[in-house]
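Here it is, the structure in full.
Here the chain labels run A, B, C, D, E, F, G, H, I and J in written order, and each chain numbers its own residues starting at 1.
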Amino acid sequence: MMMTKIEMTEAIILAKSEKGASWGSIAEAAGLSEVFVTSACLGMNSLKPDVADKVAAYLGLDASVSTALQAFPMKTWEKAVPTDPLIYRLYEIVGVYGPTMKELIHEKFGDGIMSAIDFSMDIDKEVNPAGDRVVITMNGKFLPYKAW
Amino acid sequence: MMMTKIEMTEAIILAKSEKGASWGSIAEAAGLSEVFVTSACLGMNSLKPDVADKVAAYLGLDASVSTALQAFPMKTWEKAVPTDPLIYRLYEIVGVYGPTMKELIHEKFGDGIMSAIDFSMDIDKEVNPAGDRVVITMNGKFLPYKAW
Amino acid sequence: MMMTKIEMTEAIILAKSEKGASWGSIAEAAGLSEVFVTSACLGMNSLKPDVADKVAAYLGLDASVSTALQAFPMKTWEKAVPTDPLIYRLYEIVGVYGPTMKELIHEKFGDGIMSAIDFSMDIDKEVNPAGDRVVITMNGKFLPYKAW
Amino acid sequence: MMMTKIEMTEAIILAKSEKGASWGSIAEAAGLSEVFVTSACLGMNSLKPDVADKVAAYLGLDASVSTALQAFPMKTWEKAVPTDPLIYRLYEIVGVYGPTMKELIHEKFGDGIMSAIDFSMDIDKEVNPAGDRVVITMNGKFLPYKAW
Amino acid sequence: MMMTKIEMTEAIILAKSEKGASWGSIAEAAGLSEVFVTSACLGMNSLKPDVADKVAAYLGLDASVSTALQAFPMKTWEKAVPTDPLIYRLYEIVGVYGPTMKELIHEKFGDGIMSAIDFSMDIDKEVNPAGDRVVITMNGKFLPYKAW
Amino acid sequence: MMMTKIEMTEAIILAKSEKGASWGSIAEAAGLSEVFVTSACLGMNSLKPDVADKVAAYLGLDASVSTALQAFPMKTWEKAVPTDPLIYRLYEIVGVYGPTMKELIHEKFGDGIMSAIDFSMDIDKEVNPAGDRVVITMNGKFLPYKAW
Amino acid sequence: MMMTKIEMTEAIILAKSEKGASWGSIAEAAGLSEVFVTSACLGMNSLKPDVADKVAAYLGLDASVSTALQAFPMKTWEKAVPTDPLIYRLYEIVGVYGPTMKELIHEKFGDGIMSAIDFSMDIDKEVNPAGDRVVITMNGKFLPYKAW
Amino acid sequence: MMMTKIEMTEAIILAKSEKGASWGSIAEAAGLSEVFVTSACLGMNSLKPDVADKVAAYLGLDASVSTALQAFPMKTWEKAVPTDPLIYRLYEIVGVYGPTMKELIHEKFGDGIMSAIDFSMDIDKEVNPAGDRVVITMNGKFLPYKAW
Amino acid sequence: MMMTKIEMTEAIILAKSEKGASWGSIAEAAGLSEVFVTSACLGMNSLKPDVADKVAAYLGLDASVSTALQAFPMKTWEKAVPTDPLIYRLYEIVGVYGPTMKELIHEKFGDGIMSAIDFSMDIDKEVNPAGDRVVITMNGKFLPYKAW
Amino acid sequence: MMMTKIEMTEAIILAKSEKGASWGSIAEAAGLSEVFVTSACLGMNSLKPDVADKVAAYLGLDASVSTALQAFPMKTWEKAVPTDPLIYRLYEIVGVYGPTMKELIHEKFGDGIMSAIDFSMDIDKEVNPAGDRVVITMNGKFLPYKAW
């Protein structure tokens, strides 16, 4: 059978560990951002053939991994409420601030949404003596509702 | 009875509409950010007395609104999956990118979480000829797990 | 208080019934498609001011209805599984044919989705001696996933 | 044991990949539409013996695949809410426009439903300089409720 | 506002009680079966104008009840699992015998379903010295799946 | 280990297919109705030893199948809402007509329920030029609630 | 409108409190067991006319309460998991001991169930120096599954 | 690895069947009640070492089964609603009579609960010419709520 | 009607606010702990008559509040997952540390549970220059499982 | 592949049993508290390399166990409602006392939460002639909401 996305992720995590690589160095090898490359390695996005080949080559993995990275994913996750405390707090932010984001996006742009497809994200570390801070920047195209 | 958070929000929305105010102008009157002030007006955060008074005064509302803005909220939302397309896409981002964010935060900071309490957020408009873009910036303190 | 979307829909349904109007004639008065105008009257889309005024005027309703039609909706529905047999069968089609649609859209367009925002729909009647047929045509922009 | 629908689908996907076939070419070999043949290959519909034989022969698969294609399926999917963004947006369309479709079908046809059994669907690509568009056409028999 | 289906059912139940009528006598006045007329009075089916008028007249109710009986219903019930012991046992029968019914209908008719729209039902009492028995007869059109 | 009900069903389905038997012919060999024998073969009812032996013998299966047919089943199914369209429509009938059945059974019998244990069912084909019809007859003992 | 079961229960609870009556004295007035009479007063069972009249008379309530006590109830409760600690522990006993009860009833009676309709229950207090004990006795008819 | 509770139960059921033992005879060998011993064999309670040894010896099973019987169980069951008709009816009794039991226990004992830990149960057969009856007796310590 | 627990809580919260009382001062007036008295005022526990009278008197409320405080509560909360961030984190602790608490309680006490009925709790503030800390102490009787 | 947290826990439980170790002795070997070390061994927290090595050495396990103990966990548990009676009662305490804890923490600290990350817990045994008692002490940093 063809390699599944789950087997692909297991192979990548193992090679990453053995090689002592980081997501940052894999992203550098791919020539793309950390967030996007990591999400593709975790099976939630697809890579173009040349980029997939670079990732596999960097990790010393064979062509079946590259092929699996190119496959268009069926994205699945446990609907409802995540349990892991790190992911839960992101979910909580959507619950607490969702209507606020809706109000402010409507005020600034009109009726429509922020695309989750034409979208990018960065995650940075802000060093701070009172405790370092995580900075997440999301950037999505505004898609207006249009009448017809 | 005391004014509830729901009655407070209705009063604010009506006054905002009649006055032709925006969330931006209310935030300016409060001297705080748009996101925080809007979330307090929607009942999901509390304001200090002097700030609550400024908001009520700006909108021409009486002291009961200021009191309600100061109350510590019981934060509730429909758990599970939001329906509104704008809010749903934020939820989808957490589903699709949650494990990626977890991997990268752990890589950059170690084992721990991004706080949703010691936290701030900004929502900006990026003008773009190919379609304007929504830029959301989240900034939360990293809290490490500590052994005891 | 301002008129809610629910009160607006009730007022429109009552006026439509008393006037003997149809969704088709309301759409004609609005100068837009039946599907879009009906969805706005049911509270799931917003209308531009001039269009909203035309709808209210056609039905003999006052300015508060026009204002409510212009408000940006918080779209909500009973998540999970609809009960009404007509709506359930649409849900069943998504369940039975969803993976098929995913396969064929990916084959024809690559990795991405059909937008539900930059989207239109028509509902037509096909007369047929063996029993009339419902023809639903959906037309949505293809949004490709892009790496960053 | 007999080949299950799941094993059948895996065998078809693998043969399709190795042969470099598309759903379009498989449908052509079967002499039926892309949507129907793909849904049968994914295990959600059954094929007549002669058509099943053609599909198996085209892909170079043996009789057990043809037999499995002929079996009447037990159709199952994850009830509630799909996660994959492409399938989710179809679900969202049913949520947002379901009551609208109900109103308009009732206005045009009377009390009844659109059949999801006596039903066909086509998926086409509309080339557009502002971005290609997905066109989905559903055609189902109207079934009126009758008193007894 | 127009009378809702819920108000209509309350009015009918009250008039039925005061008049000492039975569902059987209401059905006789309507000239249709007990099951269908009762389901319409409970808001789950619509009646033609002349039949609706007969029901309202028989119960001494005014035109608003007849109008409500004619409205096309939005059928809703508590999805999942019913609590009332009588209705629960019907649900249990579907759980226990559903796959059996599927096997036997497929064996006798081929791939397809029994329609729940082109459908009728009767409920009879079979007198029996060892305890009377309820006899429920369902009669639905077989709808075959057809390829396209 | 002892043969489970699931293994038993798989063995029966395979033998039935290889022998070209039908549920009707298995029921005839058992000397009982199609519905009951099929439900026992699908693991939802138990057979008496002599009947179980006849079924196993007819299908050329050994004693372990007969033993498994005699075991008292733990009846399980996916609670909530079935997905298969044929089974779903039975569920829909309970949703739409459940309160009607309750009203009519109470009117004819008094307060109580129809037993799902002291119960039988038949499934017949009614040939009809406008499309064959499925006829399902359920017969259950009425159990009155008694005060104590 | 007719008095609902909920209004009936409220009226009974109030009268019971004002009169200083107990469930035990109401049951004595009715000439039936405490459990059954209490369940009828809480809306989960119906009483015969003469018994209902006795209960209403004892509490000094009018005929509408007696009529409501005679109505056949639609039994509803919050499916899933009860929250009240007393009721939860009963639910826990079914979870922990349900399969045990199934094994032992099958061993003593054969395949079948204990009826929840032809059923009675008593609740007694066992005085004990180490802490009083609650004794619940359930008595239900065994209903065997029969082949047909 | 150590034997799990599930493997233990399978071993016991198989040995019980081969030996032709009953739950009653196993309980006799253990010197405890049928309900408790059966629940321990099904993995929902733990036995003391000497009792566990007696059960294993009686069934001709080795020390690993005795060890598994002594392990403190993680009690799990499918929350929500059981499907098996026998277990469901017990659940239904809690739904229908739960508030009644709460009222009567409070009336006889005051505010508190019946313990499900300091608890015992017996299941007996009452022979009856009109149909045998199942008698379940539960005996749990009353635990009063105490202020502090 | 009698005052409900919800009306009682509203009356207490209003009186507490107008009087400028704290939960601490109410507990002092009652002569019991803060946690217990607050939980009774929020409707989740009952007070003895003399204590209830003291609370009502301290807040200047009439006898109906005292009566409502004495009523045995039906304890209800939204099962599943709490949304409020403060309460959610308590729930998260049970999820993350529940199996750990089970292991350690079993190691120290044997098979059994910590009672949630014979139970008390205290909430204290630990002043700390690096940030004050919340200290919650729970004290519940160990209840061993006993064979019978 | 790398050892998973589940395999790690199984290896630790087996070694603990064979060695006759207790959680207390493992914690002593690690030089940390029982609660934290047990939670790490059950896969819900990570250990520093030197501590992980000590645990593995004490139990006579190899380096793969130490590596697995150091991995940052994806914390998962069955959301909703736990079934095990010991864990359920902890959940019940959060349901019954959650709003009380919220009120008292707000009264003592202001608007904010108790951290579940900067957090420790102890579990002790209080010997008591009337029955030993479980004492659970939680200690978490107070995190105030701050405006921005």
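By our rule, a contact is a pair of C-beta atoms (placed from the backbone, for glycine too) under 8 Å apart; a residue touches a chain by one contact, two chains touch by 3 or more.
In UniProt terms, the chains line up like this: A, B, C, D, E, F, G, H, I, J = Cyanate hydratase.
None of these values were measured; they are calculated from a predicted model.
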| item | value |
| --- | --- |
| Required minimum of steps from subunit B to subunit J, each step between chains that touch | 1 |
| Copy pair subunit G, subunit H: interface residue numbering same or different (half cut) | same |
| Rotation in the CA alignment of subunit B with subunit E, degrees, nearest 5 | 145 |
| Repeat of interface D-F, chosen from G-H, B-J or A-D - more than half of residue-number contact pairs shared | A-D |
| Rounded Å distance, subunit E centre to subunit I centre (Cα mean) | 49 |
| Rounded Å distance, subunit A centre to subunit E centre (Cα mean) | 51 |
| Where subunit C and subunit E are represented by their mean Cα positions, the distance between them in whole Å | 30 |
| Approximate Å spacing (C-alpha centroids) for the pair subunit A, subunit B | 24 |
| Sequence positions of subunit F contacting 2 or more other chains | 35, 45, 74-75, 77, 79-81, 83-85, 92, 95-96, 99, 102, 112-113, 115-118, 143 |
| Graph class of chain-chain contacts, one of line, ring, star, complete, other | other |
| Pairwise chain contacts, counting only pairs that touch as defined | A-B, A-C, A-D, A-I, A-J, B-C, B-D, B-I, B-J, C-D, C-E, C-F, D-E, D-F, E-F, E-G, E-H, F-G, F-H, G-H, G-I, G-J, H-I, H-J, I-J |
| Residues of subunit I that touch subunit A when the two form their complex | 81, 83, 85, 88, 92, 95-96 |
| Partner subunit B, residues of subunit C touching it in the complex | 1-2, 74-77, 79, 116-117 |
| Residues of subunit H defined as touching subunit I within the complex | 32-33, 35-36, 40, 45-48, 51, 72, 74, 99, 102, 106, 110-113, 115, 117-118, 120, 143-148 |
| Sites on subunit I touched by subunit J in the complex | 22-24, 34-35, 38-39, 42, 44, 75, 77, 79-82, 84-87, 89-105, 107-109, 112-116, 119, 121, 123, 125-126, 128, 130-143 |
| Residues of subunit G defined as touching subunit I within the complex | 10, 13-14, 17, 80-81, 83-85 |
